[in-house]
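Please find the structures below.
Shared between the two complexes below is chain A, which has chain B as its partner in the first and chain C in the second.
Then we have the complex of A and B:
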């Protein structure tokens, strides 16, 4: 019993102050993938590489639209790996909870 | 001596060797001294000559096609005469090629680092074959699985009920047959499932689940008790059967790695590596030495956090909250280290066909430092647990699985080693860098929760030693070999997951997966729990369950 108490005091507090104190994921973390509208050429390589199929490319009304949904994203980083232009990057961002599905999408578009 | 064997194999089985004859692994033959897997084959040939209709040797896998009627005899001979564990049974639908279904029995020759696979052909118009379950009880679930997924009936099976299909599943629909479309939505029908009954004065049934109190997956447990002691337990699973094996047949190779990773969430590296190894074997690709070492490090990292989680769970279930908190703290440290090194707490996304996707070399010092502090803390934790009478009293002699039962049921991994089964895929069928590293396989004899806890604790120290060795001798160079084309072929891939032996058998055809059979360790170990709880009291069930560390997801594929 005494031993347990001693250990208890030695251990101290191990929990962090999150969320009041931000907890930053380490570099190289497989977090939210982000699309860069400037670099993307809408080639569709990421669309065919994505294992859960959450990236889609649409062509409507003279507009190309690339949508990435975080709903089913498994953060594998295949999109980042296959993109020849460096237009997709996995970030350290992990706070993705949201009340609407729309918030869980990122869309880039361009006129054709 | 060695070249003689190689020549004999090349000459005698030329027509059976699939792919490049050079694939007949010469290094494998050099490893054999006096004994050789071909000695087993010779013995079978001598005993059952006329019943063998085809032979093929591929690396360390010997495929023997035998007559359908001879399956019980030859399996029995191989299993009991040579003590070769039956590690998997699976069927394939090859009606397209030769009009037959095939059932494969995979036996592991541990001493020879080889596998003998017996194959039988089953005609479509009489989809039956003789059950081997009465002679080899391990076959029980496999045969029932094949019955549900392929519609091949094991005649004389002592328990022919459905295993995977539920009572509302339409009869005559077999999902793994090639003519079953993956988009099929079967209609629900009425049916009934009959549980075993234990009758007698004062005997009660306690049904538990499938929905449980904690955030865990579904499974039904039906206890028959007289007072507190358990007289019988019947488990029913497969509530979340996801059709993973069918899914494999419908996705490309690169995506399949991620699927394998997700079959059993906390054994993801072991599954991914086993799958990649099977494909690499088919493609005849050797991965770079650095990749082998990185894979080994990842596999051991996975073992570490799993074992810590299990130890924490056992402490929780014996109501030793302080010990559990301390163990969980250490587990969290490991998960954070995983995240730091690989970007993923559960080590996902690291493996790929041909090697690994990310290097971990820069983090060598950080890993070594973390692990040395971890080891000190872990030692203290185990002292605390094993010196607390309220813990030891609850786990000693609890949930005993005797060696003979463990053997009959093919209990694998730490649970098997705690019952005196001295098997470990890392040593018996070395893969990744295990051949070059020193480690001991920890086996205990008593087979109770105490022994299972001890085995895990000992393995934690071994794992740390393996990681340290691997980091110190991490070779320089590339981490991935490009695998451009995957030829038609088939091969086994295997790893020792934290839960035990994990086996993949993959067949490729025309640049896609034709069949992928996954044998998760929990598929074997779940049956052991029905025995482990007998004569124990109901309140000890959670501890026994935790000590066996069973995966629902890996089982209900």
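Then we have the complex of A and C:
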């Protein structure tokens, strides 16, 4: 009994104060992927590499449009691996909950 | 007073009412609609001493009839389609639905095939999407807070023109 109590006090409080205290993901954590409009050349390597196929490249009215939806993203990091220009970066951001599907999109455009 | 103003005030009142209903405690029924069990492991981790979901008054219950919210994981498979609809109908109104994991949001790695439905929102209305494969327990807590209107969502649609 005393042993158990002793151990209990030695352990202390383990509960995180998460919503009040911000919790930063450990280094190497694969979170929200971000597209960089300056570096991207719209080659389409990430589109063919994406396993769930959430990245799409469209060419409409002389405009190239690269869309990444976080909705089906499995955060595998393949897009970051295959991109020769380093235009896709996986950040440590993980608080992606959203009330609409529309907000879970990031789009970059370029005129051709 | 115009009709639009009236509708706005009614909306605010409804919001307050919903907040009063769900503000203090939330009972969740976890529905596995064909998930790979990674999301379930994260939900289990929510009730351990480290993440301790019960400090917010969030409980996991054993029956949809006791629940205020359905936490759906998995791309609704054909076998689980009817079970999900039955669970949804058995939950008393007002109810919330959270789609947890990439599969529940959009089909994820399973996509939209003959055996997989490709997202919960094709079958039942979804209130909050929690992407991640699987989402961290902190991300799930954040998602539940967004669903309860305690936090604002951080992510917005971004469009960059070059």
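As a convention for this text, the second predicted complex is superposed on the first by the 112 of 112 C-alpha atoms of A that agree within 3 Å, B and C clash if a C-alpha of one lies under 4 Å from a C-alpha of the other, contacts with A are read in each partner's own complex, and residues count from 1 in each chain.
Rule of thumb we're sticking to: a residue touches a chain if its C-beta (ideal position, glycine included) is under 8 Å from a C-beta of that chain, and two chains touch if they have at least 3 such contacts.
On a predicted model such as this, the values are computed, not experimentally measured, just so you know.
> Per the contact definition in the header, classify A:77: touching chain B only (first), chain C only (second), both, or neither.
The answer is first: A:77 touches chain B but not chain C.
> Just chain B (first), just chain C (second), both, or neither: which does A:54 touch?
So A:54 only meets chain C here.
> Once chain A of both complexes is superposed, is A:25 in touch with chain B (first), chain C (second), both, or neither?
A:25: touches chain B and chain C.
> Looking at the overlay, what does A:7 touch: chain B (first), chain C (second), both, or neither?
first
> Which partner does A:106 contact after superposing on A: first (chain B), second (chain C), both, neither?
So A:106 only meets chain C here.
> Which touches a greater number of chain A residues, chain B or chain C?
After superposition, C is the partner touching more of chain A.
> Quick check on the output: what are the common chain A residues between the chain B footprint and the chain C footprint?
Shared contact residues on chain A: 14, 25, 51, 74-76.
> Taking the complex as given, what residues does chain B use to touch chain A?
Going by the criterion above, the answer is residues 251, 254-255, 258-259, 262, 322, 326, 329, 339-340, 342-344, 348-349, 357-358, 380, 384.
> What residues of chain A sit close enough to touch chain C in their complex?
Listed in rising order, the residues of chain A that touch chain C are 14-16, 18-19, 23, 25, 32, 35, 37-38, 51-54, 69-76, 94-111.
> Taking the touch rule as given, give the residues of chain A at its contact with chain B in the complex, in rising order.
3-4, 7-8, 11, 14, 25-26, 28-30, 49, 51, 74-78, 81, 90
> For chain C, which residues count as touching chain A in their complex?
That would be residues 49-52, 55, 102-103, 105-109, 111, 121, 127-133, 135-136, 138-139, 141-143, 145-147, 151, 153-162 of chain C.
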